[in-house]
Amino acid sequence: MPEIILKDVTKKFGEVFAVKNLNLTIEDRDFVTLLGPSGCGKTTTLRMISGLETPTEGEISIDGKIVFSSEQQINLPPDKRNIGLLFQNYALWPHMTVYQNIAFGLENLKWKKEEIQNRVQQMGELVKISELMERYPAELSGGQQQRVAIARTLAPNPKVLLMDEPLSNLDAKLRMEMRVELKRLHVEIKSTFVYVTHDQLEAMTLATKICLINEGVLNQYDTPLLIYDDPVNRFVGDFIGNPSMNFLEMKIEKINEDSCSLKNDEMNFKMNFRAKSGEYTNGQEVYLGIRPEDIQLTESDKNTSTIYSALPSGMETIVKVKLKDVILSVVAFGRVDFPVDTKIGLAFNTSNYHVFNKETSQKIATGDLEMF
Amino acid sequence: MTKIFNKTRIFFQKPENVILIVLLIILIYLTIIPLFSIAGDTFTVHSSEARRIRGSEVGDLTLYHWNYVFLSRASENLFYKPLFNTILVSLSTCAFALIVGGLFAWLITRTNLRFKKVISTLMLFPYIMPSWTLAMAWLNFFKNSNIGGAPGLFTAITGIPTPNWFAFGFFPIVIVLGLHYAPFAYILIGGILRNMDANLEEAAVILKTSRFKIIRKITIPIVMPAVLSTFLLVFSSSMSAFAVPAFLGAPVRFQVLTTQMFRTLNGVNPGVGYIIASLMIIIGTLILTINQIIIGKRKGFTTVTGKSSNISLVNLGKVRTVVSSVLLFILIAISVLPLLTFTLQSFLVEPGNYSLDNYSTIFWTGEGSPDIASGEPGILKNKYVYKGLTNSFMLSLAVAFIAGTVGILVGYAVAKNRGKRSSNFLDRLAFFPYLIPSMAFGAIYLSMFSVQRGIIPSLYGTFAILILVGSVKYLPFASRAGINAILQLGKEIEEAAVIFGVGWWKRMVRIIIPIQKPTFISGYLLPFISSMRELSLYILLVTPSTSILTTMLFQYNEKGWDQYANAIVLLIILIVLTFNFIINKVTGASIDKGIGG
Amino acid sequence: MKRNILFVMIFVLIALMAFSASQELIEAAKKEGKVVVYSITSRIKNAAEAFEAKYGISVEAFNLKGYELIEKVSKEVGGGIVGADFVIAQDGGRIFGELVEPGYLENYVPEDFKDVIPADYQNPLRLSMITKVFIYNSETYTYPPVVNVWALTDPEFRGQFFFKDPFQEGVNMNFLTMITKPELSEELAAAYKRYYGKPIELTEENAGYEWIKGVLENGLVLMKSDTTMAGSIGIKGQGIDKVGLCTYSKVRYRETKNLALLPIMGMDPFAGFYYPSYLMLTENADNPNAAKLFIEYLLTEPGFEPWSGSEGTYSSNPNILPHPGDNSFEIWSKLLIGEDPEYLFSHRIDVEEFWNAFAY
């Protein structure tokens, strides 16, 4: 059971917290992405799991074995942790051929010569690079280098595969291909994947679970769809989804058991709660979070707005509309386009609208909206 | 307590930390501590001074030296005049080097000059050759019988005796140093001009600005930081030059700080020499620190885009061929003629008689007779020359090996700990020897290691002290190379091996060093060549049995045995050029690509 | 007849015994197999070759300048570093105080020579006497251009007088110190009167200092090398009218380097100076026996041959005759100034200080 458990892991660089009191359990055969903006501590977390970075405090165990503990003064080196690490820039050794790159680690782990030969061949077939064995990395394309790097990482058969933004150096088309391959690979080799990325789309599409980190602190750890639909705070709501969530500054008023009114100078909504998760008081300032696809463009004259700009991409069109003085992002599905400066009505027909505390940014409630 | 112990243990589990700490300790001992030693020596009575300072014993504390340098009857001749001369020489050298180097740089990058390739190659020649070779060549050409023994080639050919001011002292020193450093200015300024985004100038062309105005308003301001940096580096290099003023200045009693330092440290009044050395260290450090700041700023506003489109070249018109030919001729004269004169002089029996029957191989292959060669066997039969040659080689090899290896380690420790204060400190420490004028650096080692220090016995007269001083002095070349190499590599390349549990030694030998081989090799070879041609660093520390080629050259020159001196110069140049050529072919590195100096 | 041969053989044997080292010393020396010498005279290398050939003991002979030798020996022996086994040194003004007194150098007189060499040449043991005389270009001038030292302070002689840098070669500083000694400065004052026809007006302590200042302010040319000086003065076809106080032995270049060099023996009040070169063992000699053997060898005729082959150097062994055509040292010593160790010890610093204020 290669399960990875992080307990109260903290990493400080000087006086700065890179990771703060991180608690995380990664289940066997999960494909977990560590997601967050750059500098949030996700790579540090990955490196602490790998053993390349030493936590300041806390405990990490892999497969039931404690690999690091500040209490018990345990700190196993990377090669004793049964992990593989795939680097962002592949880190292929430029002076070795593809074969040597894959074999070097195995030689060092004292594998027998024939075993190495077989394993390298096997790996070559797995990632489809069998014909490239005698080439040097400089003679390979980006995608091929990526495959070699994967083969090298997988060769010793690690129980856990750690990946640090492995696709960020590839062009968009290749990246798409590799995502497909990675997801298949995950199923084929039956190990646990931990994957660092700052690309929320990548995280959404690949992961079984997303671990969203901001400024060294774990914000939410859930399946992709839960994270998308039920963000615990404004940051999560904002970070996930493209185009990102609209936020309207409102005041909360007329609070009932299962509804309230949300007001600002231009707009006035009534929200019927579907779920509540925080305290609030009358007159409190909040953000109303609305995903672009939760606004519908209508022919009616309700909430008449002006088309500010429209960006059709074929399958869908991102429309910026101006409602009074506020610009909102709206996604219209299908092959549609809208001339600039025409009038259009808006409707709020789903029940996925979120209210966030303006100060703490925590989510207060979710529900549907009625427009006054 | 256990927590601290534990932290320390984890800290030292990483090889880069162990290396960092060990190197810090060693380098502090070899660069910082000696400064205290030399400072102490400026207040101490030395054995040759005990009689001079009445009523004192060797080892007493005294203010005599400070007083003598700054406030005595001798101060003027001992210190103020040499200081003035030094500043004058350095400033004039800078002006000369900048004008000549800048002009060449502009002609090469901005005009339709002919023979560009040959000219830009030949231009580097005077810089690759040790500076004193040009001084020797000057003497061969222009010395006069007033002072310099036999008249030189110029007088022999034209019959015109050269005046003293032309043959010796300020004028030739500035010309020789200027010519030596002009290529340096050319490299720096030319580099900027070449990489400068030509659009900047083209934008002005479109606005119908005149050529002259473009140069004045756009080109010059942009190359200004390079000019300033060249100015400071040339200034500090000419300030620390020793051999050139010693060869050309001594006959007319033209003293600079280095020659005074050498004279006083050699027995008469070491305390005074240590004071001069200390002052030169302070000035040198100051100048190069300013330079670092300027370079830092220059990186700030980047006009250097690396994209150099084809700027329309200035058409030299009718004078194109003339100018090109004259430049080519001058460069050939500067780079080839000296070699010819060395060869010529080494075969000359009667001084000043250039007729054919006066040539003999006696100074190369003779057995040595008291009548002609003062008993000295010819260069090729001279066991002392072979010993010097062997010593030079062994020394340079050892220096290269140590400096190069430590350079890699410094690079590793600094790059791996980047951003940490200790890493910055090590970086600066490894660069520090570069700031110290060579002879002053020799002086601090003389002060530090000519007596027993703790468990380290007196190293004076041993080969070890030469190796030590050379290795530390040239460490900056190697550590620059090392830091760049490892930073360039990125940490992942190594971590990829850590993941497989590859040990540190194997990571270095199998991964890091093979990948960055060319850079590391240049980190070994630059110290080698520099050491091969070095004089002023070693001259205070050599003893007869540890003599090297350059110090032998200096001695032959002092004795007035011109033939031997010339023969040895030829030997050294041959070695330096050969190695520079090999290195250049193998790795692309070259002395002229070093950090200057 | 046979008896005669026998007598000759016995005589030769006795003679050989008198001037050859003891068998024990030779064996001990051969066991060491090597000897290192620092010498102020370059011709040691020729002697070294002869010595090597005779005994099969290899010699490393280093020719150093006066200041270098003192510097190296004091640093090496003082620091416990093995360097030279023995030295040929000069400049009594410095070596007594800086090398002999601290015990860095030790005197050694071979048994066989204790009766041969004059007693006052034995402590420390002298190898030779070396002369430095005023020299002129004998091609340009049939007669010396000057015959009084004061002429060298005249404006017509500005920049025409060569002198060896006295800090590089301390014996020259000894000479300058000696002329400030009362007796000699009086002679200088008298010479002044003879030259200018009027008594000297002193602006400095005495006529000695006055003369030093006079030549320094008259563009005195300081040389680093006697070889260069000899070349500068003696070159032919240049109409040279210069005078130098130069090692007399450099006149040997008359033939080999085609230089026109002659001494001004009638210079008033002195024609130059002389100084001894000393043979001394170093305190920490690695090869003391080989050194002793070499010292002994240098005192014999074959050992001294490189020096006796030309003018200007005179062995302390009175049995070795000067170069044919040269005057005996007796004659020279009357024309030249010698060294007075006591006076040098107490006054050289003053002259150095005086010199520093004008020179460099």
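Order of writing sets the chain letters: A, B and C. Residues in each chain are counted from 1.
Methods note: a residue touches a chain if its C-beta (ideal position, glycine included) is under 8 Å from a C-beta of that chain, and two chains touch if they have at least 3 such contacts.
Remember, it's a predicted structure, so these values are computed and weren't measured experimentally.
Judged by the touch criterion defined above, the protein chains link up one after another in an open path, with no loop closing it.
With centres computed from Cα atoms alone, the innermost chain of the structure is B.
The chain with its Cα centre farthest from the Cα centre of subunit A is C.
The geometric centre of subunit A is 56 Å away from that of subunit B, both derived from CA atoms. The distance from the centre of subunit A to the centre of subunit C, each centre being the mean of the chain's C-alpha atoms, comes to 91 Å. In this assembly, the C-alpha centroid of subunit B lies 38 Å from the C-alpha centroid of subunit C.
Residue positions of subunit C in touch with at least two other chains are not found.
Taken in their complex, subunit B has these residues touching subunit A: 6, 10, 13, 490, 492-493, 495-502, 506, 510-511, 514-515. For subunit B in complex with subunit C, the touching residues are 47-48, 50-52, 73-74, 76-78, 82, 145-151, 164, 250-253, 255, 260, 263, 266-268, 349-353, 368-372, 374-377, 384, 450-452, 457-458, 460-462, 543-545, 547, 555, 558-561.
Contacts from subunit C toward subunit B in the complex involve residues 36, 38, 42-46, 60, 62-65, 67-68, 70-72, 74-76, 78-84, 94, 97-98, 102, 159, 162, 167-168, 221-232, 235, 238, 240, 242, 252-253, 255-259, 306-307, 309-310, 345, 349, 352-353, 356-360. For subunit A in complex with subunit B, the touching residues are 50, 52, 54, 73, 75, 77-80, 83-85, 87-89, 91-95, 104-106, 108-109, 152-153, 156.
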